[in-house]
Structure formats: structure tokens, C-alpha cells
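Alright, structures below, take your time with them.
After this come two complexes, each holding chain A, first together with chain B and then together with chain C.
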Partner chain A sequence: MNVKHIGKRNITVGSVILYFTLTILIFICLYPFLNVLAYSLSGYNAVLSGRVTFYPIDFNLSAYKQILGRTQIWIAMRTTVFVTLIGTATSLVLTIFAAYALSRNYLPGRSFFTGLILFTMYFSGGIIPTFLVVKGLGLFDTLGALFIPQAINVFNFIVMRTFFRELPKSLEEAAKIDGASEFQVLFKVVLPLSLPIIATISLFYAVGYWNSYFDALLYIQDPDKYTLQLRLRNLLFGEELNTSGRPNLEGIGTEVMSQSLKMATVAVSTIPIIVVYPWLQKYFVKGVMIGSIKG
Partner chain B sequence: MKKRLFICILALFLIVLGISGCGDAKVQTKDTNVQQGSSDTKSTDGGTQQSTASSKYQTTYGSKKFNNVKITVELFDRSNAPEGSTITDNKWVKYVNEHMNKVGITVEFIPVPRWDEVTKMQAMMASGTAPDITLTYTYAHAESYFNQGGTWDLTEFVDGPDQALNMKQYLGKDVLDIGRNANKQLYGIVARRATTAKSNLFIRKDWMDKLGLSIPQTPDELYDVIYKMVYNNPDGRKDAIGIITWNAWNMKMAFSQVVSDKTKAAIANGDDAFADYYDPGMREYYRFMNKLYNAGLMNKEYYTMSEDNFKTYIATGAVAFFEYAVNGSVDVLRGSLLKTLQENVPGADIISIQPLKNVNDGKQYSAGYALGGLINFCPKTASAEKVEACMTYLDWLCTKDGGFAIYHGFEGEHFNYDQNGVPVVINAEYNSKDKDWIRTDLFLTGNQGYFATVDDFNACTAKEAPGYEQHVIDNYRNALTGIIVNDTTYTSPSTPDLITDITLVRDEYTVQCITCPEADFDATFDKYMKELEKVGIKTIIEERSKYFSELYKNN
Partner chain C sequence: MVKAEKSRKKFAQTLRNIWNCRMLYLLLLPVIAYYIIFKYLPMYGVTIAFKNYNIFKGVFGSPWCGFDVFEKIFASENFWRSIKNTLVLNFATLIAYFPLTIILSLMLNEVSHVAFKKLAQSILYLPHFVSWVVVAGIATNLFSQQGGTINWILKSFGVEPIPFLSDNGWWIFTYVVCNVWKEVGWGTIIYLAALSGVDETLYEAAYLDGATKFQRLIYITLPSIKSVVVVMLILQLSRMMTIGLDAPLLLGNNKVMSVSQVISTYVYRLGIENAKFSEATAIGLFQSVVNIIILLAADKFTKMIGEEGII
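On to the complex of A and B.
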């Protein structure tokens, strides 16, 4: 009876078409990921002969063993986790302070400072001048160079400032009447209401730090301080230079990695950050909803 | 008031004196350089002159004891250090320092991620943090740093008759001269390639045998052979592809009208578009490819093919004929295509063939890499003494204790000599963990290894592909058959600005020239030439013509 009821309610021609279409869409979206995983887990002949689609053929883990068997990868992973955690915390604190202060209408010189910050979104100093600044500040070859120079992302700052600005003023006024200082207003009233935006911005920052490699390339000399992405990129391409038609390259005698190794590298670099998503998902969705209601 | 006037005049006088003093010093230094340079040139030319007077800088390893000089040397990091070592702390770095400490030099290595070496080098050069020996594969960068005054003129460290003797012996004059600018100043030390073999034509031997065909020697014979292989396929394959040219270097040699002239061949080198425009023979090359395409002997969408797909077609036995890297058929590092093919299609075989005879003069020509590999240069942030020590280090790398040991290891541990005196690897797995991971990057004065001759290189390389030794030897021999046309390394001044647009035109029209109906070929090719002119190809050709006519005028 129950089964019949469910069947009666759910299985219609429309729903069959809908689910069928959605399943295909899901498959289309997932196919590139499945293909990456399948390649990374397939045997040599299958890969070179182009037989791999979305499931592994001649299952083997040698590509992962090659990557994860290297101590440098784990050192780099540790560095990246450290930079991601410390960097996200630093960025978040600075962005919150800047965004909160500049969201208050009564701050003198508010538009001047906002303008200064916005300016950097459109114009940057360029690689070499920025390098010289980093070096001048004594940050060259330190982990600080990986998160201090880019601690505040202007886009994230604007998003957060807009969010703070749209919080009802009466809340702040009520707190102040009760004798709260600016800091108390921020920590006890504004921040507890802003968890969705904090989670969202944290995720933006964390993903940014996790993926960053260029800063490490420029500012880091000691290989023990390389980030994961720089290591993986180096691992992936450093051995791959081949005769691509440019007379200046080494030509023969260089190493070429198999497709499996490339794909395993992609998997190793993306899976850890993908794992974080479900934990932040609820805040993320909520944040978007609040934005949409208010917008 | 008078006192003030006096002070002003005094100050002015001091300033003028200071400026003139600086000027004099500069002129003097410059003159000294010129004198030094000219006397060196004389002595080099004269041979025996000045043999008693030693040069200001002593750069032959062992000829001078330095007073604890520390030099920094760039080292490519490929993230491949084995367990227990790091790129800067390992057996070989210690080995280098053991030998350099004997002459009072300490070498500190500065790792640079291999793939991003140019970006990193530019940042380091601009900020004054570049190592004392900086390296790159892009000569144009090294030359432009030198022309801007950012790097040392190495002439006075190397050209003297008693200087850098090991380096001169190992590199040879031809390779050393690659690092000179138009004024003969030495702006960098270029590594010598063990072989310049570049590209090969490969064919399915089993199909050839089954059909009773012989090895094609001309483009027309090639056409007939692959036509039969595709339309009368011995394996009954309906998906057979007649030809794929991953690099068409040697194929183009068979049609070129300029290869026999050194100057013209150099002008046409550098980018396919240069040759397409400058070499009248390229029209016939594209006409030939167009004929193959219209006869159904090429993959219909060959232009979208990735290198991985290209290898897949070969490894699954679909391809009759292809052009690929010199040892592409059996190179372990390129995926052992032949081995995989034989697993998939038992009895299949791929061999390389000699270059096709040129349709104009009937001779065989092979494309070769430039004689030089990477270039080492010394930024001005290094003192003269450090540069002297750097050159001594590079000189040591050219010795048996230096480059040879770093590349091949030690007799009895890593290799044994065979009856011909060729070092033969004892245990490849041990070597790859012990030294192979770092050997190419430490050995800065040679590419592909320390070998006295090309034959030594071939014999030694063959040993590294067990089971396919003869294929390797044949591949390297075929790739250097006939007249070798080596790549040039010159980048003309306008090239960086124009090349992006030229490449776009080239990519679009070369595909059109090959895929258009045969009747439209000439019109399409003419349009290609016109489009190239629109994006400024003439400027580059003029610059290259001027440069190479000057360079080779005495040859």
C-alpha cells in the first residue's frame, strides 16, 4: 500500500524525464572529475592506449605512491596547511576590522581610505616593484611573504563592508545606549550576526591560499618552504619539458610523466580543499540566501 | 657675503672635480677593458705571444688558490630529490664542494623551480638577488641583460691563453662563440650539447614488409608507401592514419630551397612562419601535405590532436608514418611507444628511416638542435673575484673529476667501461636514485651529458633502453644523416612584439593550406603570405637577413 502510494505520487512520465535528464546532467558535470580519478588509478598501457573513460582500467596506485611517497610533498603540504590557516585567520581579522571601520558612516575620511583601497583593485605595482617591497620589508624567503602582502583581498573587503553596512543601525544604537564600546559592538553584536558572511569569506580566502603558488615562486628561496601547489607544479612540469619545437629547450634526455601521474597530481591538490566544502556548506548557502533576501 | 660666495665656488669646484674624476675613472676602466680585450684577441690569434705574462684573472681549475670565496649558483629544482636528500643537501653538492674547497671556493646552490625559471630569474635580476651564476635557456634574456649593463663581460676571464683551459677544450670554439654578442664580447658560457640530433621519420616496418614495400627515399615514394598502407592495410584496419607529423622539421627539409645555403637557412630558422614566408620550397611542402590530406591519408582533425592523443594513435597501431622526436619510438621517458604497441599489436614494429631526399637537389638534410644548450652568466652584483671563482667552477665542470663524474658517477659504483671505453651503467635503478635526478642540472657546461663524441653518446644512450638498443642507435644515426642544418639561437629585436600576431596567422593558415581543396591551394597559400606581411613578417626577415649576412660574411 505504502509502496503503491509512493509510486503513485512519484513515478510520473514527467518525473522520469526530469530525473533522467538530471542524472545525465550530473554525469556530465562529474565526468571530468571521474576521468581524472580514473586516469590516476589506471595502468600504463591503458593510459597510453587511450582506453580510460570514467572508471579505472588495470587498477593500480603507483601514481599516488610516487607522489605521496616523496617527503617534499608532505613538507609542502604542511607549509600549505600552515599558510592556509594562519593566512585565512590574518586576512579575516584584517578584513573584518577594515570593513567594519569603513562601513561606519561617522568615520572621518571614510571615502578617502575606501578609495585608496579600491585603487589597488584596479592598479597594482607589478611584479618587480612588489618583489622589492617584500624584500625591503625583510619578508623575502619567509612564510610571512605568502600571506602578509596580500592579507586583504579588496573584493572580499567590499563584500564584507556591504554586509556590515546593511545590518540594522538600531542594533548598534541599542548596544551603545547600553554602554557598549566600538569593540564590544563589533564583537558582541555585529560578528555574531555575520557568521554566514565570515564563513563565506573564510572559504574564499582559504581556497585562495590553498591554491596560491606564484607568491611562493617569487618570494621563497628555501625549497623546504615551498607550498604544495608550487611543488606539484614543479613536479608536473619540471620534468616534462620536451622537444616542443623551441630550439632553446633541452631536447632529448628529459623526463615525461605519464598521464596517470598528472591526473594523480590534480587529485592530490584538489581533494583536500574539496573535503572542507561540506563543513562550510551550510554557512555558505545561508550566506547567499541572506544576501539575496536583502539585495 | 664674500664667505658665502667662496663656499659656493668651492662647492661647485668640488662637484666638477668629482664628476670629472668619475668620468676619468670610467674612461680609464673602459680603455683598460678595450686594451685587455685587444691584447687577448692578439694573443689568441697569435698563439704564442704573451705566454710568459699570466692573465689578470686565473680561471683554469687548480691554477689559483682563492682566499675562501663563496659563490652562489642557480640550480634547477625539479622536486625529485630522493628520500634522505634535498636539492641543496646531498652527496653531489658535497662532492662539488670537496673539489672546489681545494682551490678555496665554496659553492652554495640557489634552487629555482625548473618550470618557472624565467619568471624567477627576471625577478631576481631586477631586484639584485640573482645568484653569481645565473642560467637560462633563452639567450635573448642573457644578451639583453648584458647590453643593459647588468651582467659581466666574461671576455677577460676566459679569452686569455692561460685562462679556462678545460672549458675551452671541452666546449670548443664554436660553442663558446655562441655566447658572444656582435662585438665579440662574451656575455655567457653556453653548455655544449652531446648530440644535436633532433627529429626522425618513423614508419611501420611490419606493414612495409607485409606489403613488400621498400623504404621510401623521396616524398613521392613516401606518398605511394603510405597510400598502400592505408588503403590496402595488412592488418585490415579501417582506421589507419597515413601520416602524422608532430614536428615536421625533417619533412620540411625535403622541400626546402634554402637549406643548402647556410645564411638563408639561418634566416628561415626560428619559427615555422619565417620559413613559410622566406623559403619558396615551403609552398611545395604544404602542397604535398594538402595532397595527403585530400587523399584521406591524414587524420581529418589532425590540428586538434594533443601529444597524448598522438601517442595513443601510435601505441594502438593506427599510424603508418610519423615524424617525432629523435628517439620518440622507444624513449622510455616518452612512454616506450614501440613496447606498448607490441603489447597491443603483437608483431608490430616501428623503425626510423633516413631523411627524404630534397626534391630540389636530391641531397639529404637533417634538422639539428643548436650546438649550445643553456647559458650561464654572471650578474653585476657579483664582484670580479667572485666572477673569477665562478669561471673556475665552470672550468672544473668541464673536467673528468667535474662534469664527467657528476654525469656518469664513479667507475665500479655507477658504471664500468666496456671494450670501447664507453661508460656502461651497472645498475640503472641505483643510479637514478643516487645521481641521475640531479646530474643534468648540476652539470652546467653540457646538455645531455658529458661525452667526448656523438658516438659515445649514442652507445651510452642505447644501453639505457634495454631490449631496444639497436633502435636507439639507428634512431640517432638516422637523425644526423646527410647535411645537418642546426637551429639558430638569434632573436631579432622586433620578434617579441610581432610574434604573437604572426603565430595566430600561422596557426590559422597552415591548417587552411593543408585542409583546403587541392584546387584552392595556391590561392590559400597566397592569402597566407599576404596575411603574414600584414602582421609585419618582413621586418623580422629583414632583421634576420642583416644579422646573418653579417655573421656569415666571411664563411
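On to the complex of A and C.
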């Protein structure tokens, strides 16, 4: 039993206040999500009057049905899934390569290369010069622009390098004595021991790609290549209240309807994260701790 | 003679080491290529801050113009306002976020019920993973003056509707609330790590000596996380000139532009929306240089007060 908590087995005033406050904080944390669900499932008149707070009023699924009918949302969803999968894979492979090579203390030139990477954390050309490079490479308005220019995240690189460094050296040495090459050491010894960190870094990259809208705003012109977050932004902040580009003839009715629709789209675009999150949660705390030592 | 022999041997040894590591260099090759193309090439691109950029002539062909671009931006009122706004929003967020994170960590650390603690942590970390588009969308729904849920609740208590999103002062408040909501739970991880490292026997000894819970907090818990707190504070202070584009761009609107326009959004609007490449790049460069100076100073300061450096 934890000594710090001696005396807390009994219910004290202090512990009641503690648990009560934390429960309120948890509620504040969750309430916005609840509000989104309530709005997305509420009926027309309830949304119009603005009296939806905690639970749906006049429960109905029409907003979700409307999303199902919007091909643009599905195209955006497909693009986002594609970019997230390819992007995460690319990022993960490059980060592993960099972290593995630069975690070997016998590599000549290691500190030079590490410095080259770390320096970009503190100094960058900024968005315009980067934009010009991406454009110059012909990546403008291609899906490649959504993951190639930001393939490696320095923070994730540091986390992974630290993890690789702390792995016991003996296994690796044994493998080398048995004649294993660097690749074999990496794939047969190091990576199988690194599943928790791989899960963590994958989560960070995947969430980053899933949530990013700015790269799409910057580099994508063709609406068929819009990502989900960019669609969502346009939907939420007024630039595409109706799908077809036609003027909104139905007037205020559609306007209010769209508030449910907006929140339903928010829900649809957030649910994948909420579904994946609990499975990876047990890993990432350690990852963050490793990373925060330096960085 | 012997010396030359030695250094030649050493050189041969180095070459052999490099050759032995050829596989590792092969792994590094795509990484270095990536950094050169997407990070260092744009760094060369900052030269357009000193040029009269012409789309047709490109980065290399455009004529040099010295510090003309800088003179132009330093004379612009919008530029100074975006710097002021960046600092105001960052400080306002820091003042709320920093103490709340520590208090929340201390609270979570006191929870002895393991299942409750785990659940609380899972829920409190969750907003970190939600995109800014979604946060801004939810915030608009909650805070808007007409039909916003919070104003609806306030109205039922007889409070006049509050212009959370359209009044300058209230907008800053809303901005801080959204930031704190999103990141406060995530920020506790590092403090919880430091707290879990505190030597249990200290608490035991203090308990046996009759220290109250509060005394244990003041004399054991706080001193043991002091260095983490100091380093985090300095780290966050050193980032005062930087704001990610997402939050101010998405939460902002035309009515509050005079407080929501920060350096990053200004660069974006100037550069991408108005195609003033040289000016936008110059502002970005100015920001980078200021950041580096602050960072070096902060690092020196942390070392001076006896902590490990932050670089």
C-alpha cells in the first residue's frame, strides 16, 4: 500500500472534495463532446431554439442520413484515410531509419547528422519558402504534398532514438557475433523489442495526419482532393453550406438543419480517433515521458 | 615520421569504420535527402526576404534589394500588432494553463483509487487528440451569442448574452479556455512522471513525524517537482513569440481581427492570400531569429540557475 495515501482509506472531507472536483473536471472535459452528439441527434425546432444542452431533443438521425448522402464527405474521408495510412507508414519508416542509425554510437559523423536534424527544430525557412519548394517539386495539388513535406517530426525522432539507445546492448551484440547484418539486427532484434514505442509514434503521426487541415488548405486546389478536416472547416465556417455550390434556396430551414449537420460531421470526423485512442493509450504515456526529457 | 604513420593509421581506421557502417548510411540516406530538400532548401529560400521576389524569375533570379523589405514591414502597423497579439495570447494562455496543469497533476497524484485515476487520465488526455477544426467548431456552437449553449444556460439564470466570439476581450478569454481545455490534461503527463519518482520513504518519515497532508505537499511534493516546473516554465516562456496557426486562424473572425491576427496568421494571409512572398518571408525570418535569441538566452539562464540546459 502506498504510504502517501495513509489515512485515505477512510473517507475524509479532503478526499470528498478531491473526487468531487475531479469529477467536475472530467465532466467539463467531456461536455463539449456530449453537446456535439446532442446537437447532431436533435430535431429541427430544438436546434432552432438553441435549447439543446445535454441530451438530444426530438431525437432523430436525419443529420447522419444527410451525411451518408453527401458524396463529398465520403471522398474526403477516403482521401484522409489514404493520406493517414500512407503518411503514417512513410513517417514511421523514415523515423525508424533515422533513429536507429543515429542511436548507434559507433557511427562516424553521428553528431553532425543529429545536429542537422535538431537544428530544424529551432530554425526554419518558414511557410513561404517551403511552399515554393513544394511547388517547385511539382507536388502542388497532389496528395503527396499532404505527407511528404512533413514526413519526419523531430520530436518523434528524439523519442524513438532515446528508446533505441536504452535497449540492452547484449542481444544486439550476440546477434552480430552470429553474423547478423545491421538490417537483420534492426528488423529481427531491435524492432520486435520496440513495439510499444512504434505504437506510440504511429498514433502521434496518424493523429497528426488525420487532424491536419492546413497542409490541404495550403497545397490542395482540386476539391476532389480535399481532406476531411478541410471539408469540415469549410462546412463549419460558412464556405460550403450547401454541397452543390448552388445558392441556398431553402432559406433559414436548411441553415438551422445545417447546424445539426455540422455537428454530425464533427462527430463522424472525430469518432475514428476516439475508437483508436483507448487501445494505444497505455503505450503513449511512456513515449511522452521519454520525449520530454529532451525536446 | 611516427606521428605521420599514426595519423595515417587513424585515417585508415576511420575509413574502415565508415565502410563498416555503410548499411547505416544507407538507412540515413532518405532521411538526409528529406531534410536537405524540405528543410534546408527552404532555408536558402529565406534569401527572398532580401530580394524583390518575382514569380517568373524565381528565388535565384529575382534581384537583390537589401533591407528594403524589412524597412517596409517594420513600418507597418499590422506587423507590430501581430507581434503584440502573439505575445498577449501566449501570456494569457500561459497564466491560465501553467498553474492549472500543476494543480491538476497534484490532484491526480493524490487519487488513490487506481481505476478512477486511470479513467480520469484517459478522459483528460483525450482533447489533445482532437483537431483544432473540431475544437473551433464545437466552440462556435457552445459560445456563440445567438443560440450558443452557454449563453442559453446563462439566460436561464437571467444573465445577458455574452459576446464570447465577437468582443475583443471576451474572444481572448474564449481562446484561452479552448487552449486550456485542449491541452491541460496532456500537460500533466510530465508532472505526473516527476511526481511518481518522489521517494516514498520521505512521505513515510514525514507521516511518522506527524506532518499533515498539507505539510507533506508543501515540504516534500512541491520541492521534488521544482526543477521540472522551472524547466517547463522557461521552455514555455521561450516559445512566447510562436503560435501555431490553427487556433487563431480557426477561432478568429473578422470582428476580432485586431486581437486574433498573430504572426503566423499574418504571414499566411500576406504570403499565400496576397502573394507578397518577400514580405511574408521576411516576417517569418524575423520571428525565427528572435526565437533563436530567446532560446539561447533561456538555455543560458537555465544553466545559470543550476538546471540542465534546454537545448
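In this text, the second predicted complex is superposed on the first by the 224 of 295 C-alpha atoms of A that agree within 3 Å, B and C clash if a C-alpha of one lies under 4 Å from a C-alpha of the other, contacts with A are read in each partner's own complex, and residues count from 1 in each chain.
The rule we apply is simple: a residue touches a chain if its C-beta (ideal position, glycine included) is under 8 Å from a C-beta of that chain, and two chains touch if they have at least 3 such contacts.
A quick note: this is a predicted structure, and the numbers were derived from the prediction, not measured.
Peer 1: Does the superposition put A:I128 against chain B (first), chain C (second), both, or neither?
Peer 2: In the superposition, A:I128 touches chain B and chain C alike.
Peer 1: Give one of first, second, both or neither to describe whether A:Q259 is in contact with chain B, with chain C, with both, or with none.
Peer 2: both
Peer 1: Return first, second, both or neither, reflecting whether A:G50 touches chain B, chain C, both chains, or no partner chain.
Peer 2: Once the two structures are laid over each other on A, A:G50 reaches both partners.
Peer 1: With the two complexes superposed on chain A, say which partner A:V16 touches: chain B (first), chain C (second), both, or neither.
Peer 2: A:V16: touches no partner chain.
Peer 1: Just checking: does A:S269 make contact with chain B only, chain C only, both, or neither of them? Give me first, second, both or neither.
Peer 2: So A:S269 only meets chain C here.
Peer 1: Compare chain B and chain C by how many residues of chain A each one touches, and report the one with more.
Peer 2: C
Peer 1: Using the superposition on chain A described above, determine whether A:L61 touches chain B (first), chain C (second), both, or neither.
Peer 2: neither
Peer 1: On the A-aligned overlay, A:D224 touches which partner chain: chain B = first, chain C = second, or both, or neither?
Peer 2: After superposing on A, A:D224 lies in contact with chain B but is clear of chain C.
Peer 1: In the superposed arrangement, does A:R233 touch chain B (first), chain C (second), both or neither?
Peer 2: both
Peer 1: Which partner does A:F140 reach: the first (chain B), the second (chain C), both, or neither?
Peer 2: After superposing on A, A:F140 lies in contact with chain B but is clear of chain C.
Peer 1: Jot down the residues of chain A that show up as touching in both complexes, chain B in one and chain C in the other.
Peer 2: Of chain A, residues 48-50, 127-128, 131-132, 218, 233, 236-237, 259 contact chain B in one complex and chain C in the other.
Peer 1: Once bound in the complex, which stretches of chain A touch chain B?
Peer 2: Residues 44-45, 48-50, 70-72, 127-128, 131-132, 135, 140, 217-218, 221, 223-224, 226, 230-231, 233-239, 241-243, 245, 247-256, 258-259 of chain A touch chain B in their complex.
Peer 1: Name, in rising order, each residue of chain A that touches chain C in their complex.
Peer 2: Residue positions touching the partner: 2-8, 14, 18-19, 21-22, 25-26, 28-30, 32-33, 35-36, 39, 48-53, 94, 97-98, 100-102, 104, 106-109, 113, 116-117, 120, 122-134, 137, 148-152, 181-183, 186, 207, 210-214, 218, 229, 232-233, 236-237, 259, 262-263, 266, 269-270, 273-274, 277-278, 281, 285, 288-289, 292.
Peer 1: Give the list of chain C residues in touch with chain A in this complex.
Peer 2: It is residues 14, 17-18, 21, 23-25, 27-28, 30-32, 34-35, 37-46, 48, 59, 104, 107-108, 110-113, 116, 119-127, 129-134, 136-142, 146-149, 152-153, 181, 185-186, 189-190, 193, 200, 203-204, 207, 213, 216, 245-246, 249-250, 267-268, 271-272, 277, 280-281, 284-285, 287-288, 291-292, 295, 311 of chain C that touch chain A.
Peer 1: Which residues of chain B touch chain A in their complex?
Peer 2: 76-81, 83, 86-88, 110-111, 113-116, 119-120, 122-123, 126-127, 129, 137-139, 193, 195, 197-199, 247, 269-270, 272, 308-309, 311-312, 315-316, 325-327, 331, 333-335, 337, 340, 343-344, 369-370, 373-374, 440, 447-449, 487-489
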